[in-house]
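Dropping a structure here in structure tokens format, bear with me for questions.
Should a chain be cited, it is by its letter among A, B, C, D, E and F, assigned in written order, with residues numbered from 1 in that chain.
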Amino acid sequence: MFFRTNQFQYNAKPTKPDPIFAKQLQEVLGGQWGEISVMMTYLFQGWNCRAAPKYRDLIMDTGTEEIAHVEMLATMIARLLETSPVDVQENAAKNSAIGAVLGGSRMEDVLVAGMNPQHAIVSGLGATPTDSNGYPWNSRYTVASGNLMADFRFNVTAESQGRLQVCRLYEMTDDPGVRDMLSFLIARDTMHQNQWLAAISELEEDGVEGPLVPTSFPVENQKSDVAYQFMNFSGGEESKEGRWAKGPSIDGMGEFEYVAEPRAMGEVVEEMNPADPLMHGTPKKPIQPQST
Amino acid sequence: MFFRTNQFQYNAKPTKPDPIFAKQLQEVLGGQWGEISVMMTYLFQGWNCRAAPKYRDLIMDTGTEEIAHVEMLATMIARLLETSPVDVQENAAKNSAIGAVLGGSRMEDVLVAGMNPQHAIVSGLGATPTDSNGYPWNSRYTVASGNLMADFRFNVTAESQGRLQVCRLYEMTDDPGVRDMLSFLIARDTMHQNQWLAAISELEEDGVEGPLVPTSFPVENQKSDVAYQFMNFSGGEESKEGRWAKGPSIDGMGEFEYVAEPRAMGEVVEEMNPADPLMHGTPKKPIQPQST
Amino acid sequence: MFFRTNQFQYNAKPTKPDPIFAKQLQEVLGGQWGEISVMMTYLFQGWNCRAAPKYRDLIMDTGTEEIAHVEMLATMIARLLETSPVDVQENAAKNSAIGAVLGGSRMEDVLVAGMNPQHAIVSGLGATPTDSNGYPWNSRYTVASGNLMADFRFNVTAESQGRLQVCRLYEMTDDPGVRDMLSFLIARDTMHQNQWLAAISELEEDGVEGPLVPTSFPVENQKSDVAYQFMNFSGGEESKEGRWAKGPSIDGMGEFEYVAEPRAMGEVVEEMNPADPLMHGTPKKPIQPQST
Amino acid sequence: MFFRTNQFQYNAKPTKPDPIFAKQLQEVLGGQWGEISVMMTYLFQGWNCRAAPKYRDLIMDTGTEEIAHVEMLATMIARLLETSPVDVQENAAKNSAIGAVLGGSRMEDVLVAGMNPQHAIVSGLGATPTDSNGYPWNSRYTVASGNLMADFRFNVTAESQGRLQVCRLYEMTDDPGVRDMLSFLIARDTMHQNQWLAAISELEEDGVEGPLVPTSFPVENQKSDVAYQFMNFSGGEESKEGRWAKGPSIDGMGEFEYVAEPRAMGEVVEEMNPADPLMHGTPKKPIQPQST
Amino acid sequence: MFFRTNQFQYNAKPTKPDPIFAKQLQEVLGGQWGEISVMMTYLFQGWNCRAAPKYRDLIMDTGTEEIAHVEMLATMIARLLETSPVDVQENAAKNSAIGAVLGGSRMEDVLVAGMNPQHAIVSGLGATPTDSNGYPWNSRYTVASGNLMADFRFNVTAESQGRLQVCRLYEMTDDPGVRDMLSFLIARDTMHQNQWLAAISELEEDGVEGPLVPTSFPVENQKSDVAYQFMNFSGGEESKEGRWAKGPSIDGMGEFEYVAEPRAMGEVVEEMNPADPLMHGTPKKPIQPQST
Amino acid sequence: MFFRTNQFQYNAKPTKPDPIFAKQLQEVLGGQWGEISVMMTYLFQGWNCRAAPKYRDLIMDTGTEEIAHVEMLATMIARLLETSPVDVQENAAKNSAIGAVLGGSRMEDVLVAGMNPQHAIVSGLGATPTDSNGYPWNSRYTVASGNLMADFRFNVTAESQGRLQVCRLYEMTDDPGVRDMLSFLIARDTMHQNQWLAAISELEEDGVEGPLVPTSFPVENQKSDVAYQFMNFSGGEESKEGRWAKGPSIDGMGEFEYVAEPRAMGEVVEEMNPADPLMHGTPKKPIQPQST
């Protein structure tokens, strides 16, 4: 069960309105790698967790924190839309945007054209659970597989892509209030990258997972002779120089091998068998229209 | 530019038809973590790559191989649908499925109800670029961010989730032909997990990326005092015991700290400013309908 | 900022496993009118709220409660998948599902075909943020417009569709544990339907909104002569008998009128003007291929 | 069966072209609350209607009218794109948009950048069944549940959100031709809000539905002690002051109660049972890789 | 403007209920090639049409007819769900579906598992605007490009895929009432395939379009030397035997040529230039974390 | 199995950067009719092909070529984003975009507002598998039905819509490098339109398909009396003049007939039967809440 306090985890106040940046900032709220994605990912990983309690608690602690991040971003975006569009839209009411085309030169209207139109028409100058192109958030941005090694690797990825995007947004604004909030989110992403990497170590130390996912699948059931071969399918052999092409494998169970000219191991592609004629697909030979 | 040989990379032939397994196998063809996802992810990472040539070549080699995996899975699914549905559908033509409801007991019709209906109606007993629930593949399953550390972490994740799913499917069938092909895919996923982990090491050895993504963002620009704190937002303190709550951080730049009672650092939530009245949102105080 | 206690708001434990019902129950977790939809709708309405504090608090209280409902449903679904599939899947591993087609008669395998395959392959027997057909939740199921009358009407709708669906699911199971949890959710939906209806009254009593949304738009700007006419566009005149075809309008500002034979008030459809020839659309008259 | 006359229901002609407003106006054609949504919602509610004929006729009358509204909006958008882009695009052909970046100052090209690019590339200066961000319309914007009280509440909502959005667009343009058409749509939305509210009254008067959806579900099957409690899950107690926290409930079957400190009624979250080991999820204790 | 008569264009009544077939039949209502797709495609092509009136009228005549087809299919599906599920669901209420797993043998419950669960939970035994897997219809299934040759080719395709799917469904049922309706839809698809083929001829006879789309683009602006070459990129040379590899081209403007060993005409892939360092992508050489 | 050479099929290098055109060009990479659509369509048609080998080879040759087209477009877009945004973004870092609103006049920032924000935030100045509005590519843009006549008609359509869009983009830029690449793609689309038209002829010559899809369905099973009638459902009779309203049908099996006043052939719409009361839909007559 959840409770909410009436205070933000950190400041969420811009110095001045900025409808264009409001649109861009949506990416880390409702985009593929935004805060809604990590919030929902962690909550579902926690609710589905069948491993030791420390892992479940770790996940739920973090998932609950992320709700507060979603809250800060939504509030920031609503405030970035707060004042400026009033003026701009009032002008828009008096002078249509097309005025600029036909001879006008009013920069305000041009910028209105750069806003997310749904910030005006749909949300009435509030945040929306969508990305920077207005594409709605969907749950295919999340994962909870039941295998914590696979999922913690996803979590490291999500915090990496997320921190990368917040840093890019930091470079795209010079509003001190916005940058203050972003510096907090960047720091928390630093912690979260570190934390999931630490949790991966812990899984291995506990002996419940190894570096190869899933560890519990019997290795004798895989086609072992191709399990450590790097195959050169693209022009150029620069890839031969990398760590992945020679030396012991990372999982400690094999030796990397570079295959300069990979060969096909399967059958020559033969003709497919015909399908049920009631499917009315194209046959190999001419047919007569059938009767029933 | 690409070329295709007329031979499969490995065998793709079932021992017997199985329309239910054909539906399930779709997950690793067109699902979130299926082969189309890694094929498209790697190709776009390669085409966008601005790093050293060995990384670009590594990515393109692997992306090109994945097209062959998509080919094997599509062929396998088409063959799993090949013979059996002929009989089944012929029966379906003679006796409607509802027959079973009204007193019949024909198992074939019941199984037809378990097929993906689009395998009959839409593709005429061929594979579709969709997942095991018939949901279409979309490009939000991919990522190519320009930051290779962030992207290689995604790649490790994708190969982990992918190998996990293929192993589950291996357990759900006992067809020797299907298992033969899956054992090949599982082995290649073993290689690919290892390879991306190796590439992550190489990025660090080359000094172009560090363990914290993005490395190039000045750490003094983050709110440093919260960058290594684990915060306890959920009931229970089991998470205090983990590697993530004490000791040096994984990136070597801090010390983990456990915060048992995290406090809000932001302002008390105050009232939001009003929006432009032309947006016709609900005001704080009663208003009169305005005239223009 | 949010906190979580380590106790469910209400019981979430089935008497026995039921993978088919687990699939069906997903509808009220991740479907159009499921708990994720109301949770996200209320949270965003609250974060964007610029009206009096009592409304913001009302919305946030309810939004926070809904996270607990999502938690209960996710847990219930994970438990419905808990035991039974073990047996079933073990059989599936020993005997392929297709066995049933080719002569077998094992009911378990048939039922496996009725499961959501992603409950096995993707989530490893956990809940997913999707509906009963496996379609992912997306944020277009939510609304936060800045106009509380419009939004509270949505909230009444969401609680009505939601309670309807939970009642249907109640009828589709006889597991006492499942029914116990559903009876709690049904009661909370009773409260929430009542509460949003009460809030609608309050908005009118406070004078910040009236029955016609948006109240603040000057009525003289609408084409008044058609503002209270019911128009008969479909064969049959049964609709003439209803409350909507005569008597004073609900908003108290007009009189309903029944128009038996509605007439077109616009222009006769004339030819459209041509578009820019550089768009290469089909012209009215033959053209010569142009040169640049 | 349907027929079409060759005349618009009302005027649909702008005074001057405006590609930016054409993009914005798409919201009420193909957006979540646009005319396609109500057209499809009403048609499906009517085709599925099993209630008294007057309701079916009411719904079909309105659904058929909405096709005409879709027609007017599509035509208006095509005309807003008609002339202006010719000039603009011709300029674009002669001088690339990037010219403006590198030193140019041509406002026309900047505005082209604000157009929906698909209005040029995809539809050749015609309307598209998408919203103001170019997101395609989908049928999850509709509902037809078989329960008319639940559905008419949706209909009131749709006409409220729809009228709100059209009013906002009215404020965002000063083209007299566009405003003339919008004033007609606003008036019809006035009627439709009133009409669905009237239909809700009629359902109650007829005794086929009551204020609590669904009425036919036995109230003794709900957990009655929480059916009228308002629970305070968020910081602040402003919500205590509202109509929803005291007095008789709107459905007349209970008394509102304010619960200042809601308590959890469910079990303490305990460890989840393990899942089938063949799912290869992370176990509680270390395991050995298994053999088959 | 549109009107509706209170009579179906053709019969839409099944002989007996069939919830499984109801699910399958959804494909041609709300699937990629279903009736909603052609209805919306033709209506938007008509509203956007800037060509001669006979084409606009042709398109609108057909688009209006398609609304009646959607009506027939929706009604048929609602009736297929009408009676049978009553019995089935009553049983489901008394005995949970899982009963069958634990020892029962009741076929009815098994079939319920094969129904589209949303036909019960969401629509209350009515049709939904979705396909046979429950995936919602979306407007990317339509096209209206402004170029009638391109669009009429789409229309021929849609009527071909549509007729193919209806024929497959005809084979999958033996209900005389269902087959009667399908035989009508199949015949209308015969007309519509013929009609769009005829319209393509007319476009050419009128001289407004030729066989190469778009005709109005100056052919000297294309890279002419590859405009009629068939290139052999896949193993095997069977394709050399076809009409497409030799002889005059279909548009009469070239001669087909078979290129057995296609060569790359572009540059060798060189290194990409670096991107803006503020994007924090991975560089070619080691960098120092920067300061601002 | 596939291989890649390290050379582009044709040049893919712009003369100068252009972030706005980069956004627009995405349409033919990841849009409905973009190169990813034809690549995936042809590959799946080939893998599912059960017809004569020459058709399978034809399809695979073309599908393999399309991967090279995707490669060229992705590279071109990455290069269009290469240099310019560096400068622009550096300015953006120093002066926020909103500067322009509050008095500034810097054109660069305005243009940044016209970029696809995800080109900066998500892909770090690389191409994305999305369309010109940032909407992700999905596999519903493809088709592989098993019936080659139906599918080749789709292929002709795809190459027609695709060439149309590339020609429009050609007109919207004057960058010689971009136009050089587009002239190559336009020429290949010329070939591909011709090739699929030729393949349609070949199917007929081989006698495996006729002009009516599907040919193998017995025509006596369709409702023949409406199979060649053109019905006038829309105001105006201009459509009477066309080739589709008189003369022999294109398939040679009937005679076109113009029906000026089409009549309904189905039953008068009668009341629907009630549904299962456990669905809690609205009944015709008042009901009492039931007990269980």
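Here, contacts are C-beta pairs under 8 Å (C-beta built on N, C-alpha and C of every residue); 3 or more make two chains touch, one makes a residue touch a chain.
Bear in mind the structure is a predicted one, so any value in this text is a computation, not a measurement.
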item	value
Given subunit D and subunit F, the chains that contact each of them	A, B, C, E
Higher-contact pair (C-beta pairs counted), A-F versus A-B	A-B
Taking each chain's C-alpha mean as its centre, the one farthest from subunit E	A
Subunit A-subunit E separation of Cα centroids, rounded to whole Å	30
Intercentroid distance (Cα basis), subunit F paired with subunit E, Å	10
Two or more partner chains touched - positions in subunit C	1-9, 32-33, 48, 52-53, 55-56, 60, 64-65, 75, 78, 89, 93, 110, 114, 120, 122, 124-126, 133, 135-136, 138, 140, 145-147, 149, 164, 167-168, 171, 214, 217, 221, 233-236, 264, 266, 269, 272-273, 275, 278-281
Residue numbers on subunit C that touch subunit D, as the complex places them	5-13, 32-33, 52-58, 60-65, 72, 75, 78-79, 81-83, 85-86, 89-90, 93, 120, 124-126, 138, 140-141, 143, 145, 147, 149-150, 153-154, 156-157, 160-161, 163-164, 167, 170, 179, 183-184, 186-188, 190-191, 193-199, 201-202, 205, 211-214, 217, 221-234, 236-239, 241-244, 249-251, 254, 256, 262, 264-269, 272-273, 275-276, 278-281
Touch list for subunit B against partner subunit E, complex	1-7, 48-53, 55-56, 89, 92-98, 100-102, 104-105, 110, 112-114, 116-118, 120-122, 124, 133-136, 145-149, 203, 206-209, 214-221
Subunit E contact footprint on subunit C (complex, rising order)	16-21, 23-24, 27-28, 31-33, 84, 88, 107-108, 110-111, 114, 131-133, 135, 164-165, 168-169, 171-175, 233-236, 264, 266, 271-275, 277, 279-287, 289-292
Contacting residues of subunit E [partner subunit D, same complex]	1-5, 7-9, 30, 36, 40, 43-44, 47-48, 60, 64-65, 67-68, 70-71, 74-75, 78, 122-130, 136-140, 142, 144-147
Subunit F residues within the subunit C interface of the complex	164, 167-168, 171, 235, 269, 278-280
